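Here come two complexes built around chain A, the first alongside chain B, the second alongside chain C.
And now, the complex of A and B:
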């Protein structure tokens, strides 16, 4: 079911959502950066900003995620779960990030389900905006995660000039649209076909920044990437872990207790499979001692057929963030290209 | 969620990022694409920068030692007690001193200097890391007239030639290493000079093997080749036999000729020099040789070209500029410079002490009373545990710190201050970019800002210090240090990019440095190996790393696995000696011996043993006061 919403009515709708919970959208910070942050009024959303470099997974899987509080009580300890059940609306998110959070949710819904994550994601309504033009380093067309979506969103907006076409994809999306009662109208057939045309145009605009996963997947899945190539590529990685931090689909973590006022807060900390001690055993043995081993592991998880079969998607949504944050040169498109060609920088 | 833009507290590249906070508690880091240094990229330390302030053993209350135990007291009681005890020592004619820090802000260091010079009337003032970086700065200053960088970090990526004295840039300065990789991708010629085949050596166009402490031999060879090239104006390339000479003498080889040609022809060339090791005066000579090379080829201060001394800690340059250095005044001017003295005396309204102060190591071992600002000297100064022993012998030790470091734990008076994540102030990175720190949360417990505590101490010693904010202190710094004139105003206007200090140097083209002895000549049949102390900064002992769960993992595991340290040995040597990792060896030099396990590595050249800075105490008998020594190695 598709609706239409006049642009001048959007602020009013967001005002109503603000009464229900936090509304998060890309905003321009004083440094000139674009960051996802809480907005205070419905007119605070700048719709034409580029996608923030720091992904919105921060709102379902924060870098420091308090899970339980442990209090000493005489001879015993009391353990109490920490609940973040705030209702949040993520507005003006891009298709890639919608797919990223859908990927994270599939992972965290698997048994044993992750209650802490699901509490946040179940309370998060994503109102995304389809991309009429690809972003400079994005390649979502190669990962089935944009520029327009046919699933995974709660509500997807398409810019039609004076108004937005609003597609509802879930009960949460329906509830959000219901809050805007009186502001929405049924979309006309013409508006729906206009959206289709925009999608076709957007797809045609993808240029060189594409990523050919198919060939890479065949080679990675069958162990046909020579060790020498991993070794060579690893000389171009500086082990910053930035690719993991900003990847919308990365979720690896470690656990650590934070002492606070005589109690402990057990936290999940975002971690990186590229760090040397990520797989270090208590014995002192490290199954992935070399950087090339860790790189191989990362790309096996992201691109192999084994994981594709399990997850139904490659572990990449084509947002292009790793292209921007990689301190070295081993971001997703570069490594996929090297695997496909069988050579690096040649 | 709050996102507060601030400067990175780790290395001296000075990246910028946002600290994230939820409900008054730090929770993460978000990158900044608009920051001129980091441009959206960060290293592992940067991505986990919030951790130490959040997870660290933080100091929350002023503590005074009573009956051997540190007990919490009020701020007034603590400050009064500190004043009384220091005044007692002064009255008894006992020497006192102050140690600033390369991880303290400019404001903290400036006031630490003012407190020492006006309050305690002494030039016994230094920062621990200066004992590591002083030879590097002296070597550059000798040639260029200034120790300040003449190359911007942002110039590296567009360099055509990069000459890197390679410790392990990828580990010590990942941001700079990233720019080097970018330049190589763009077709730049990277020349690395060092004793191990590191990551950057592997991607280089030319790696010139050398032994620690004799890098200048290669550089002087390069200078000869350049002089020949400039005389003959001939193009040379590898394979030109006229250029091939005896490698034993360090004279021109085809490789040197090729490097000389790249450097001479380049319009934009970068010269990156870290603190190095070597016997006696070698580290200074190595730095001077590189600076001479840059000056002789016209690259010292050409747009896009220049020399970049690679300082390890975030505010090492700032600590120099604020002159927490025994023989310098703010602006890094010489203590004996009468104009500078006059300027300071007018500003501070007091006569400055004229007697020479002590450097950090002498100071630690000679004073009776010591004020340490935000540092743990034993983990930083080359003498290591000797410094800990010296601290333990002090009659009165005052420590201002955010973290419970080993030094803080033995303080007679412990004054808790805010960490980088809670403070206001500025850092100056190694290229001279002054940047603001902005608080993301409140300091824990009763901790106060370092500049406030130091100002209170100044007041108790009759040194005028009435400031309402860190910006007030910065305004005064603008009057004290000429390069910082108007800095507070400029920073307020320029904001996120910080302010780049003007380079005061004259780049006088240096004379060809005197020929140097090669360290290999000191090895002999009896002592055929060279043991060197790795000069790379030991981040594992820095509270910003050791208190971060993610960042300390590697170091903790390594220190647990090797409680008595280790020395690194190349694979071929290890095979020849039938050594495996963990196997104990006895090292014997002219000075003494030590038994220590080895760690076998792939990238170290034969005949060389390298001891990580963290484990330098394990071989202090062998190295004595040097950082390189010829040794015999035996299985035990």
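And now, the complex of A and C:
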């Protein structure tokens, strides 16, 4: 079911959503960075901002995720699970990030399901905006995660000039649209076909040189990437972990007890498989001691057929954030291309 | 939907020093129904919390045939184990689990069983050994070969003596370097092979110890004629969640915490990182 919403009515709709929960959208911080953060009024959404460098996974899988409250000491403790049941609306998210959260949700739904994650994701309604043109480093067309979506969204907006076409993709999306009663009208056939034309045009904007996973997947899955190539590529990796931090599908974590107000809070902290300490055991033994071992691991997890079979998708949504942050240019498209060609630049 | 990271509270009792840096702890769930419901297989592990320090994986060192004495044996190696060793009788820890696949006890029925352990590799096998000895008639010959760096590094010394004197167990122990008073053999674990009669065609071999020991022992077992599927080991990796989500223990697309930690040699060979 598709609806239309006049742009001038959007702020009013968001005002109504703000009464139900938090509304999160890309905003420009005082220091100039674009971040997903809470808005205070329906007119606060700056629709033309670029996609934030940090994906919105923070709202389902925070960098520091409090799991268990621990009180007491010595011979008597009390432990209690911490629940975050806040209702949230994520507005003006891009297609890639919607697919990123869908990927994370599949991971955390796998048995045994992770209640902490699912409580947040079940209470999150995603109102995304389809991309009429590719972003500078994006390659979502190669990962089936944009520029327009045909699944995974709760509601998807398409900019038609004076109005948005609003597609509803879930019960949560339906509920959000229902809150805007009187603001939405049924979309005309013309508006629906306009959306289709915009999607075709957006796809044509992608160049030929994007990210061709096929050959890389075959070689990674069968161990046919020469060790020397991993070594050459990993020479350029600075082990900063930035790729993991900004990746919409990265979810590796560690569990630590953090002191808070005289008690302990057991937290899940997002971790990086590119750090040497990620696999370091207390004995001093490290199964992945070399940078090349860790880089190989990262790309096996993201691109191998073994994981593709398990997860139903590559662990990449083509957002291009790793292209932006990687100082050594060992980002997804570069590594995939190097594996395909069998060589890395000197 | 469970809060998968919420630990159960358990009290430590019967602390027993095995070596200068290794101690066995008995765990009693504060909620006794948790204790009764805690069913496990030999080879499975728990995530044990020392509050304020986090949690770490430790194998269950006791046998499921003795459900009232849930035990784990821990060497003091890092921050968390150091903190654990500072806890005393009656202090509380957190427990999640049991996790992992564990040893397939039913598949061992009627077989001759060869246990080969090095140093701190004995605790996971001890769980299976006592399971086997408590149900002795279900199994064929039982042979236990154990080695440590020095006599002081041998764990479960009283039980080793019991195994040595039992007529239904063949037991040999060796040390890499002797100390005054040691009258037993000196040499690495594989040197014990010449002391025992092996029956590869009817046996399962369980191997646990430091990586280098496992490597050498497995090579020897293959040379002796053991099939890859008959050589069974339990792998160690850094494990944070125990449920195949945190990715620390992944080898390829397999997870030591969930698909293991028990693998046969054929499976281990296929684990490609």
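Here is the rule we use: the second predicted complex is superposed on the first by the 339 of 346 C-alpha atoms of A that agree within 3 Å, B and C clash if a C-alpha of one lies under 4 Å from a C-alpha of the other, contacts with A are read in each partner's own complex, and residues count from 1 in each chain.
The working rule: a residue touches a chain if its C-beta (ideal position, glycine included) is under 8 Å from a C-beta of that chain, and two chains touch if they have at least 3 such contacts.
Being a predicted model, the structure only gives us computed values, none of them experimental.
In this superposed model built on chain A, chain B and chain C occupy separate space and fit side by side.
Contact with neither chain B nor chain C is seen for A:87 once the two complexes are overlaid on the shared chain. By the touch criterion stated above, A:218 is placed in contact with neither chain B nor chain C.
When both complexes are overlaid on chain A, the residue A:280 reaches chain B and chain C alike. By the document's definition of touching, of the two partners only chain C reaches A:76; chain B does not.
Touch criterion not met for A:16: it reaches neither chain B nor chain C.
Comparing chain B with chain C, more residues of chain A are touched by C.
In the superposed model, A:185 lies in contact with neither chain B nor chain C. When the two complexes are overlaid on their common chain A, residue A:256 makes contact with chain B and with chain C alike.
No C-alpha atom of chain B lies closer than 7 Å to any C-alpha atom of chain C in the overlay. 254, 256, 271, 280 are the residues of chain A that lie in the contact sets of both chain B and chain C, per the superposition on chain A. By the touch criterion given at the top, residues 1-7, 9, 11, 49, 51-56, 77-78, 80-81, 90-92, 94, 211, 236-238, 240-241, 243-248, 250-253, 272-273 of chain C touch chain A in their complex.
The residues of chain A lying in touch with chain C in their complex are 67-68, 70, 72-77, 79-81, 107-108, 110, 112-116, 118, 223, 251-257, 259, 264, 266, 268, 271, 273, 278-283, 285, 287-288, 293, 296-297, 300-301, 304, 306-307, 310. Taken together, the chain A residues at the contact with chain B in this complex read 29-33, 35, 37-38, 53-54, 58, 62-64, 235-236, 238-242, 245-246, 254, 256, 258, 269-272, 275-277, 280, 284, 324-329, 345. Only residues 1, 3, 5, 16, 18, 20, 22, 26-35, 40-44, 46-47, 50-51, 54-55, 170, 174-175, 177-178, 181-182, 185, 199, 202-203, 495-496, 549-550, 553-554, 557, 560-561 of chain B touch chain A when the two sit together in their complex.
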